[in-house]
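In what comes next, chain A is part of two complexes: it sits with chain B in the first one and with chain C in the second one.
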Partner chain A sequence: MASAGSGDEKAATVTLISSDNEHFEVPEAVATLSQTIRHMIEDGCTDGGVPLPNVTGRILAKVLEYCNKHAAASDKDELEKFDKAFVDIDDQATLFDLVMAANYLDIRGMLDLTCQTIADMIKGKSVEEIRETFNIKNDFTPEEEAEIRRENQWAFDD
Partner chain B sequence: MGAVASSARGGRGGEGTVLGDLPESCVAEVLLRLDPPEICRMARLSRTFRGAASGDGVWESKLPRNYARLLAVAAAGDGGERQAAAAAALEAESLPKKEVYARLCRRTRFDGGKKEFWLDKGGRGICMSISSMALSITGIDDRRYWNFIPNDESRFHTVAYLSQIWWFEVRGEVEFCFPEGTYSLFYRVHLGRPFKRLGRRVCSSEHIHGWDIKPVRFQMSTSDGQQAQSKCYLTDPGVWINHHVGDFVVKDSSKPTNIRFAMIQIDCTHTKGGLCVDSVVVKPQYLRQKKLTRCYV
Partner chain C sequence: MPGAFHSLLLPLQWKRKPKRRRSRSHSKEGNNRNKPKSHLAGAGAAGDPSFNLKASASSFPRDIGCLVQPLGNLLLSASPGANLRDAGLGALRPLPDDLLLDVLGLLPARALAALSAASKALYVVAAHDPLWRALVLGELGGAFDFAGSWRATYVAAASGGRPHLIPPRALRIRGFYSDYLFQSWLCANMEMRHEWLARDNIERRRGVSVEQFIAEVEEPNRPVLLEGCLDSWPALQKWSREYLLEISAGKEFAVGPVSMTLDRYFRYADNVQEERPLYLFDAKFAEKVPEMGRDYEVPVYFREDLFSVLGEERPDYRWVIIGPAGSGSSFHVDPNSTSAWNAIIKGAKKWVMFPPEVVPPGVHPSADGAEVTSPVSIMEWFMNFYGACKTWEKRPIECICRAGEVVFVPNGWWHLVINLEESIAITQNYVSRRNLLNVLDFLKRPNASELVSGTKDRVNLHDKFRGAIDAAHPGMINQLQFEAQQKAAARKKKASFWDTAVDAKSGGFKFSF
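Let's look at the complex of A and B:
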């Protein structure tokens, strides 16, 4: 349903359509945690729903979980507890999907939270450990690797 | 965003987004939350990360706000004339920010080679070392009291050694555009005279006396009215000790901060001696907790 006009007792909503065609009707107050969606509402192009080709239904549901909580709650401790549980995910792929969704939808708080979580997973690990944790393929030639080690050595000398 | 056939930890096997799938803007967001050595480590992971880890946006956020001015001081210290330093400052804008960061982390001598500064790798604070040769030492011209002696445990390879004196006063001053932050100031001294015998480090305590009678006083003050002082008895011969004088806060990095400091023991009822004064050290306050204030070398 398109945004309701004034005089309607129901709060204004907007429909978000995931890449796999799931429809989510969301109050504007919640949806506008996304700056991207906020601009679209302001520009008046949300009639018929907002297609989000970069976000699956599964991820969008999680994003909306975040937005619902943050639009409603005001207690700092409560939000902190929620955030901690929100990123306590076994599945790395979901975490990365959330980063990309937060980036695409421009939701600052969620981007901070998910990127900080990844940063925390990186801290204290050696290069090999990071590769192993995140399944990163080393695509350097041995010469390239030696060159990169040299050009970054200054950060580890004393 | 292509699908990559690597399994996520704990996820469904075969398919799933991995870290390498993130667009560079997202990787940059993660890198912003790491410290410089960690970012350099990330550069070694793969080609994608090498690119993201060199991004100007990431490194600019790590640089102190007045990095262009610091770079000019560094360029002048590298031996350039004043004009060359100005040209270098203009060049600073075109240098990749990672290179600017790396350059500032290297120690730069200034003030006739008697002082040096460098950017702390892990954070945004400046460290500075002011040699004993840049300090005003009462009686330094009298070889009965003070002598400059070679010492390879000093960054400047020279320390001031006191045999004995009634009036002990070691003052100094520095003016510098410190980046915003809180800094701690120390006097780096050593009771006893270290030297090498048959390749081993030995310490002579022949002149050590007088430090247990009255404490030494340390003072510092800044041009904007901050002050601090402390005092202590000097003990523990044979090791270099950084005596903490106090802390100061810099609020505006565009204006130079002028700091004066002193180490004094002028009770003339007794002499004191057997002390090496190496330097005065300024470090960001956050480093104080990390390093031991007492170290052998």
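Let's look at the complex of A and C:
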């Protein structure tokens, strides 16, 4: 929603409404890091706020943390530091929630960052370590495992 | 664009990312999750007659065909709720398939292999061949020996190039359901249905004079299929695979993101079965292999070629196109507002065309035309959107074009092309007096530097071109502008007489079917 057109210094804001009905009033310059929201603003559909039924308040707050930082700062090193800390999350579920929010809201930088983080959790690990990391149950029979080992010999032999 | 909606749960297609936004190793364009699913329900992986599967689809399952079924089958299965996917992904389960594939697309080959050994579900997802295509192209460029699937190709290269040592895909896995992955497999293994090929309503002309062509086709900006104007082309007789291999020996041609020799490309084309086959599309073929340039000539209707005033600095303008059945181009408008002709030397192409003001179903360009929210793959477009053409605001022009025939693509027209068999063609884009003003207008646009394609120095192209035209053809631009004003005035008069609601600025093109 645009603020009153009195020509003063206050920037236009938009209200985002999480799935659990938390309201966040956000400067447009920050909210438009989300292409989804940007298109809605361009189409003039944001009167009364933008409901985001796929994003909880807790996650939306984190998303906005990211957007605030990236809208404000421009120093590459500073942003890198921020990004690293941003995805240093113990709770995997939160990380996945952020990936999905970034996808839903179409925030490219955040999507790239969170996807890369998950990929980094897989890289360099053994099969067993991967299972442990993501709590994956091994549903292969021993015979099937042997077949897979054979199939992937090129990867496992060093 | 639709106005007052607040929910973001509407199909996100119109907000989807543009074509080359990320290097995604799988095809994400067009949010598959929101596609109508009814046509998939009950489909067997192979053997369902309604799906026109290629014969090879049911042979030894090297690909994911035996591994994935559509979600509809889960509802019909004996044990609903038993989707292998849910059990086998662990904490990764909440991620939808397209996001999961995004993550997997960031992994090096070893990590992908390790992941595939973790559970059956991950085995299936990691087998998605486009993931392996990205790895092959990324690591080997065009120097790969296609081994039937991209995964097999990668593994062969990683095993020191000894394909016979690779064990075949060992596991048969049942019980994995995913619309996204199944759709991808289906599109890779389907053939074009008869009803998609039946309509052929393009105007066919033969033996017209240049003046006739200009007045009846180019001026009104209508598509047309021209017969009999390639009779003089040596290429029609000479261009067999053997001949092309001989004259091009060792030269590399542009194929998608890589360059490769023709023999490698043919080996790929003979064995490929994928949703978006790599397409050989080279703008420098005549420079690389001068004999190829000598084996054809521009048909007489298209000889006015105003970009030629720019000499070496002209944008790319001519391509040789070679591709297997299933390769092609999804909906797009040609760059720089040029017109084009496409001549088939071998094979057959199916064309679907819409006029400039009619956006095809399933396609979503942004307001400034800078992004075309990328259409789905060609096969998927036919499956999901072709039917809408019957009720679309304007029905498309369609045809099958065969060897010896030429399709004229008027400037601004949307077009989609798919090869029905292995095809070899030559296409050129051009500017004549009929579209010179359009082209200049296009190049003047503020974002032209992003949109203008095929040149090294995009920003100055307008000024350079304009200057070069004024030098080589003084007065031409003014003359054309004068004529355009006259035409507009005449239309205005007519319009105000007949119907005050008619927009006097609408183009001279009359669309009447």
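Here, the second predicted complex is superposed on the first by the 127 of 158 C-alpha atoms of A that agree within 3 Å, B and C clash if a C-alpha of one lies under 4 Å from a C-alpha of the other, contacts with A are read in each partner's own complex, and residues count from 1 in each chain.
By definition in this document, a residue touches a chain if its C-beta (ideal position, glycine included) is under 8 Å from a C-beta of that chain, and two chains touch if they have at least 3 such contacts.
Everything numeric here is computed off the predicted structure, so don't read it as measured data.
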Note to self: Per the contact definition in the header, classify A:R108: touching chain B only (first), chain C only (second), both, or neither.
What the structure shows: second
Margin query: With both complexes superposed on chain A, which partner does A:D90 reach: first (chain B), second (chain C), both or neither?
Written below: first
Note to self: If we overlay the two complexes on their shared chain A, which of chain B and chain C does A:V50 touch? Say first, second, both or neither.
What the structure shows: second
Check: Regarding the shared-chain residue A:D77, is it in contact with chain B (first), chain C (second), both, or neither?
Finding: neither
Check: Should A:T36 be classified as contacting the first partner (chain B), the second (chain C), both, or neither?
Finding: second
Margin query: By the touch definition at the top of the document, which applies to A:W154: first (chain B), second (chain C), both, or neither?
Written below: both
Check: According to the contact criterion defined above, which of chain B and chain C contacts more residues of chain A?
Finding: C
Next item on the list: Would you please give the residues of chain A that touch chain B in one complex and also touch chain C in the other complex?
Entry: 54, 92-93, 96-97, 99-100, 103, 111, 115-116, 118-119, 122-123, 126-127, 130-131, 134-140, 145, 148-149, 152, 154-156
Check: chain C touches which residues of chain A in the complex?
Finding: 35-36, 39-40, 43-45, 48-54, 92-93, 96-97, 99-100, 103-104, 106, 108, 111-112, 115-116, 118-119, 122-127, 130-131, 134-140, 144-145, 147-156
Checklist line | Complex contacts: residues of chain B adjacent to chain A | finding: 1, 6-11, 16-23, 25-26, 29-30, 32-34, 36-47, 49-50, 102, 105-106, 121
Next item on the list: Going by the contact rule at the top, pick out the chain C residues touching chain A in the complex.
Entry: 1-9, 12, 14-15, 17, 21-22, 84, 87-92, 94-96, 99, 102-104, 106-111, 113-120, 122-123, 155, 158-159, 166-167, 169-171
Margin query: Help me check something: in the complex, which residues belonging to chain A touch chain B?
Written below: 54, 90-94, 96-97, 99-100, 103, 111, 115-116, 118-119, 122-123, 126-127, 130-131, 133-140, 145, 148-149, 152, 154-156
